[in-house]
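Below you will find the structure I want to go over with you.
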Amino acid sequence: MLKKFNRVLLKSNALRSVGSIIYDWRLAFEVIKRSPLTMTGLIIVVGFIVLGAIGPYIAPYNPIEIDFSSIALKRLQPPSLQHPFGTDEYGRDLFSRVLAGARVSLMVSMAVMSIAIPVGLVLGLVAGYYGGVIDEIIMRVTDVFLSFPGLVLAIAFSATLGAGLFSAMLALSIVWWPSYVRVVRAQVLVVREQLFIEAAKAMGVSTRRILFKHILPNSITPLLVLVTLDFGSVILASSALSFIGLGAQPPTPEWGRLVADGRKWFPDKWWYSFFPGLAILITVLGFNILGDGLRDILDPRFRRRLEFREVK
Amino acid sequence: MSATKVVLKVKNLRKWFPVKGVFFTKGFVKAVDGVSFEAYEETTLAIVGESGCGKTTLARLILRLIEPDEGSIIYNGVDVMKLSGKKLMEFRRKTGIVFQDPYSSLNPRMTIYEILKEPLETHGMLKEIDINEYLVKLLEKVGLQKEHLYRYPHEFSGGQRQRIAIARALALSPELVVLDEPTSSLDVSVQAQMLNMLRDIQAADKLTYIFITHDLGIVRYLAHYVAVMYLGKIVEYGPVEEVFEKPLHPYTKVLLSAVPIPDPSIARSRARIKVIGEPPSPLNPPLGCRFHPRCPYALSDCSRREMSLVEVEKRHLVSCILYS
Amino acid sequence: MIRRALTFIPTIVGVLILTFVISHVIPADPARLWAGGVKARPEIIELMREKYHLNLPIHEQLVLYIRDVFTGNWRESPMTKRPVLVDLAEYFPATAELAIVAGLIQIALGIPLGLLAALKRDTPVDHLIRVLALIGVSAPAFWLAIALQWIFYYSLGLLPATSRGIPPSQTYTGLYIFDSLLTGDWNALVINLRHIALPSLTLAFTGLGIIARVVRNTTLDVLSSEFMDFAEARGLSGAKFYRHVVKNSSIPIVTIAGLEFGMLLSGAIVIETVFSWPGIGLYAVNAINSLDYPAIMGSTLLISLIFIAVNFIVDIAYAIIDPRVRL
Amino acid sequence: MYLNTLLEVRDLRVYFYTYAGVVRAVDGVSFSVRKGEILCIVGETGCGKSVMSRALTRMVKPPGRIVSGEVLFDGIDLLKLPEKELKKIRGREISYVYQDPGSVLDPLYTAGFHVAETVLTHNSSMKFNEVWGKAIRIFREVLIPDPEAKAKSYPHELSGGMKQRVVIATAIANTPKLIIADEPTTALDVTVQAQVMELIRSLKNKYNSSVMLITHNLGVVAEVCDRVIVMYAGKIVEVALVEELFTNPLHPYTQGLLEAVPNPLRKVERLRSIHGSVPNMIDLPEGCRFNPRCPHKLQLCNKEPELVEYSKDHLVSCWLYKR
């Protein structure tokens, strides 16, 4: 509904007011509140982050240690009140393992993002602002990385680096930065042409200040959507790596790995694979719903409606 | 016109933009191609022309926002092209610019306070003044109030934003202000307010304006001198009254006869000079005089000889074979 | 068009360099790895060095590598003891078949769903399609695969859960379904279709939502464009009106289709392992588990070359649709 | 209704329902278009002139809605006509020329195709090559040089002025009775602007159509119009013949507007400007919408004035002229 209003509002010129971002976060939050779907996404994401932070501490059982005395008694039990997600072949509580898995996924995606975003920002800013040969070189290299389907390249890197959580993180980071360069550069190219940049130049404002005070703050908003969506994508990709045997190794309770482990007991012990996979689905869905909602909010048509306020 | 001191002297300025093909440069957009003129102290020089004639590029060249390929810009006897470091900053302090689009000329992430403070900060003037008092005065000069300081640009209407942009240009008390179509995105009634304000500020602060526009009405109202541009070249230059009353170049005549006049008695009785076609692309401008394919008075020589500006009367120059 | 093709050369060279770097530079000692790891005997390591030119300076290795790639010498796989290229030629048709069928399902379902969402904008139908799309991109493919196996094989017993079916009496392209149609081997066709049903549906589902969303949004954008407004003002209706919508929305759809194909190839790697589908994915995963680097790099290189080729085709399609784009 | 009236609009209201509130973009507008005249609708951005012109053939999209009114065209109320019938009128009886020729032509189809398609839509019995031939004849009529080649060009290959000629070609393709031109020259250069205005005027004479010209440029009004409607904030404030309007403007807004435009052929000492700015359309002032900016504001102005006849063919909506 919101979108529809907006579209036509735009046509009546009185309401025209162009900006490039949301400045007022309270306003953005108001809009999120109006959209129940986006709100659900936000709740899932916040919940996931909280679980990632405190998950291992609130887990009812130890997610990693094996209690050898009771393996025979406890192994591969179906879901019950005591073990809502059942137990694995070592008698560990799967609910606890899935809870602990939130931290692994959160760690991986944070690690990947903390490499990919700064690299993408710096290279994108430089390429977009300076242009010329530097731009050409950066973009050629970026293009090469983007000529591989992402997961394929991550698998290749991960395989050569050797299985393990660390090499998976590294491989995913190597794969992820190029798309950020692209997005940042594209946005910088738009912002660079804005007249306030030229006005700053005319006043003698230093290049550094122009880059960091004018271009950067106006370039990162579209990144926000991408980062939100990519948080989910990284979780999905790292779980896929773990699933095929790269990435996290036992006894790390990684969700993808858990699904793979559970497959050995499939289909009789269905819960083993089912719940970790569900955890991935819900978490990634949360990020995607939130990202999708944010995209709508940041959509120019939508934005202008928010901005419509005249000063008397 | 009492003032005769030349503030700005532009000589043979040239800027060609390369157009890239897949592998090679396909050609050049000859945006500004050998432009010379003078601007006098405390006067307004209007640069007028249709879209694509290079007037906006010229505005940026004058302030060295882009580097020319050739030519010189002498500001108060100093060659701007040779300036660097502190001297260049000094030049930046003495000049200001206001752009056409008030929506993209203000950083949406900064409050008006931050926007107006930036030039002062850049030039290390914060110590000398009481910033709050100074900014309030600045705002009042452009017809805004104190309470507007802490708002963001998107909270203002187009006209108000343009006032803020003007305030920013005036923040460093410049001597020369370049105004690039400052009113063309505004409504008629707001435009009149803005034009009057610009005129009052000029008188009060003894400013020199270079006013880029396509609106001949504004030129007549505000400017003292006018330079008419066509496809990267100045075809006529002179005092406004003279150029409008006795236009010499065929293009100027055509322009004046094509412009709609808001007065039916004049509009319907005047003789019209018809012109064929549209301005060609500056990518491959015609040889010889660039106006000759559309010129109602074209001679056979026009396609061969490129004319330069010739002074026909005092400070009234024209570049046309008819006056050589 | 030739010029356009030429612009892909630096990219392909870059891709070769990157695969070279991955396979030759990152592991501490590839020869030792290929010779069997820490416990390898020195003379075998030496032999490996000799065989893979690892004793040469790095830039000469690169030149040799690129030459080898172009002359068809993609090294030998320690795992299968056969040239990698021979292996890939055997495994590739299965992956191609899977990706093509999945791609067709995506197009056949994604475009109508997207159009439906656009025409029923902001209604429950639209919201439902949106949520389905989001679930599609969010669901881990391997888990979805297992879930479908569970439903259609273990519970309902409707469809086979693993392997590829049977080759028809005569194979021409290696694409069993296509070959079955060519030879008129209906029995094989039915078996092959039943086998491909679950893997291709799983693969298709992950990208289906993206296609539907893109179709929806571009359709809405075109509908709200000024030229559609003007088309209405000219009195156009029905087919004459929607002709403009369809042609204009096809541009972004074609663009996304290229990227989508890359996602299908990635997805195939994971899904093939679940369904034991004998394609490059299964080959690569087996190679990973036996540390067979030539095979891993060969598969990676092949997939990326296909991806580049698909994007080239997309560029051409783009230029055919849009007169503003010159090849 | 006059005998020579082509279109009569009565009490037209178009509102936009937004989260911020109801935008009364067109609020009780009544006027008529006479046969063979060029009627100008003049006003500043957001005064509702564009929305109003589109509402005449019900081309208002949500959240905009035509709340009330009648649009009588040849005695038929267009606002009550079934959509199917209305489609036969759009592009045939009433055609449009839009402001930005760069975005109203579908970039994927040739210039000639647009014209041919418009003809074919309303003459389904014609064959395509007949229609193509007609398209080329129309191209010639709108003075497009080398019409055969230009018809095969895509919009991006044509200049702005050429594109606008193509748009005009689609508008006259079915010899309409009324051409609604919405800022047809705003996006064009001065020299091209004059050519296009001249073209519209000559075509109107040739086909004896009426033209409704929407513009914000008083120069254009003075050059080509027969009769002028001045709109402000969704309402008509004044209607007059063009000479009358320029010599004897009644409404304070019209007066202000006329004195705010700099005239290139006459030196003025100082422009008179209207202080303040156009009101927020959601939160309109009470009574006369111009009253907060009006130099002659009276007590009465808090009540809404009606549009009344001041002299023959001269209507004004202002309390100053209350008899």
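All chains are identified by letter, namely A, B, C and D, in their written order; residue positions are counted from 1 within each chain.
In the analysis below, contacts are C-beta pairs under 8 Å (C-beta built on N, C-alpha and C of every residue); 3 or more make two chains touch, one makes a residue touch a chain.
Because the structure is a prediction, the values reported are computed rather than measured.
Novice: Select the chain whose centre, defined as the mean of its C-alpha atoms, is least distant from the mean of all protein C-alpha atoms.
Specialist: Looking at where each chain's C-alpha mean falls, the closest to the middle is A.
Novice: I want to compare two interfaces, C-D and A-C. Which one has more contacting C-beta pairs?
Specialist: A-C
Novice: When the C-alpha atoms of chain A and chain D are each averaged to a single point, how far apart are the two points in Å?
Specialist: 50
Novice: Taking each chain's centre as its mean C-alpha position, how far apart are chain B and chain C in Å?
Specialist: Each chain reduced to its C-alpha mean, chain B and chain C end up 55 Å apart.
Novice: Starting from the mean Cα coordinates of chain C and chain D, work out the distance between those two points in Å.
Specialist: Roughly 54 Å separates the two chain centres.
Novice: Return the distance between the CA-based centres of chain A and chain C, expressed in whole Å.
Specialist: Centres of chain A and chain C (C-alpha means) sit 23 Å apart.
Novice: Can you pull out the residues of chain A that are in contact with at least two other chains?
Specialist: Residues 4, 7, 310 of chain A each touch two or more of the other chains.
Novice: By the touch rule stated above, which residues of chain B touch at least two different other chains?
Specialist: If we look for residues of chain B contacting two or more partner chains, we find 157, 160.
Novice: At which residue positions does chain D touch at least two other chains?
Specialist: 45, 278
Novice: Across the complex, what residues on chain D touch chain C?
Specialist: So the residues of chain D in touch with chain C come to 54, 57, 59, 87-92, 95-96, 98, 100, 103-109, 114, 117-118, 120-122, 154, 156, 167, 170.
Novice: How about chain B: which of its residues touch chain A in the complex?
Specialist: Chain B residues touching chain A: 60, 63, 65, 88-89, 92-93, 95-97, 99-101, 103-109, 118-119, 122-123, 148, 151-157, 160, 165, 168, 172.
Novice: Looking at the complex, which residues from chain C come into contact with chain D?
Specialist: Residues 225-227, 229-237, 240, 244, 247-248, 321-324.
Novice: Which chain A residues qualify as touching chain B in the complex?
Specialist: Its residues touching chain B are 17-21, 23-24, 194-196, 198-206, 209, 214, 217-218, 307, 309-311.
Novice: Residues of chain C touching chain A in their complex?
Specialist: Counting only chain C, the residues touching chain A are 10-12, 14-15, 17-19, 22-23, 26-27, 121-122, 127, 130-131, 134-135, 137-143, 146-147, 149-150, 154, 220, 224, 262-263, 265-267, 269-270, 273-274, 284-285, 287-289, 291, 293, 296-297, 300, 303-304, 307-308, 311.
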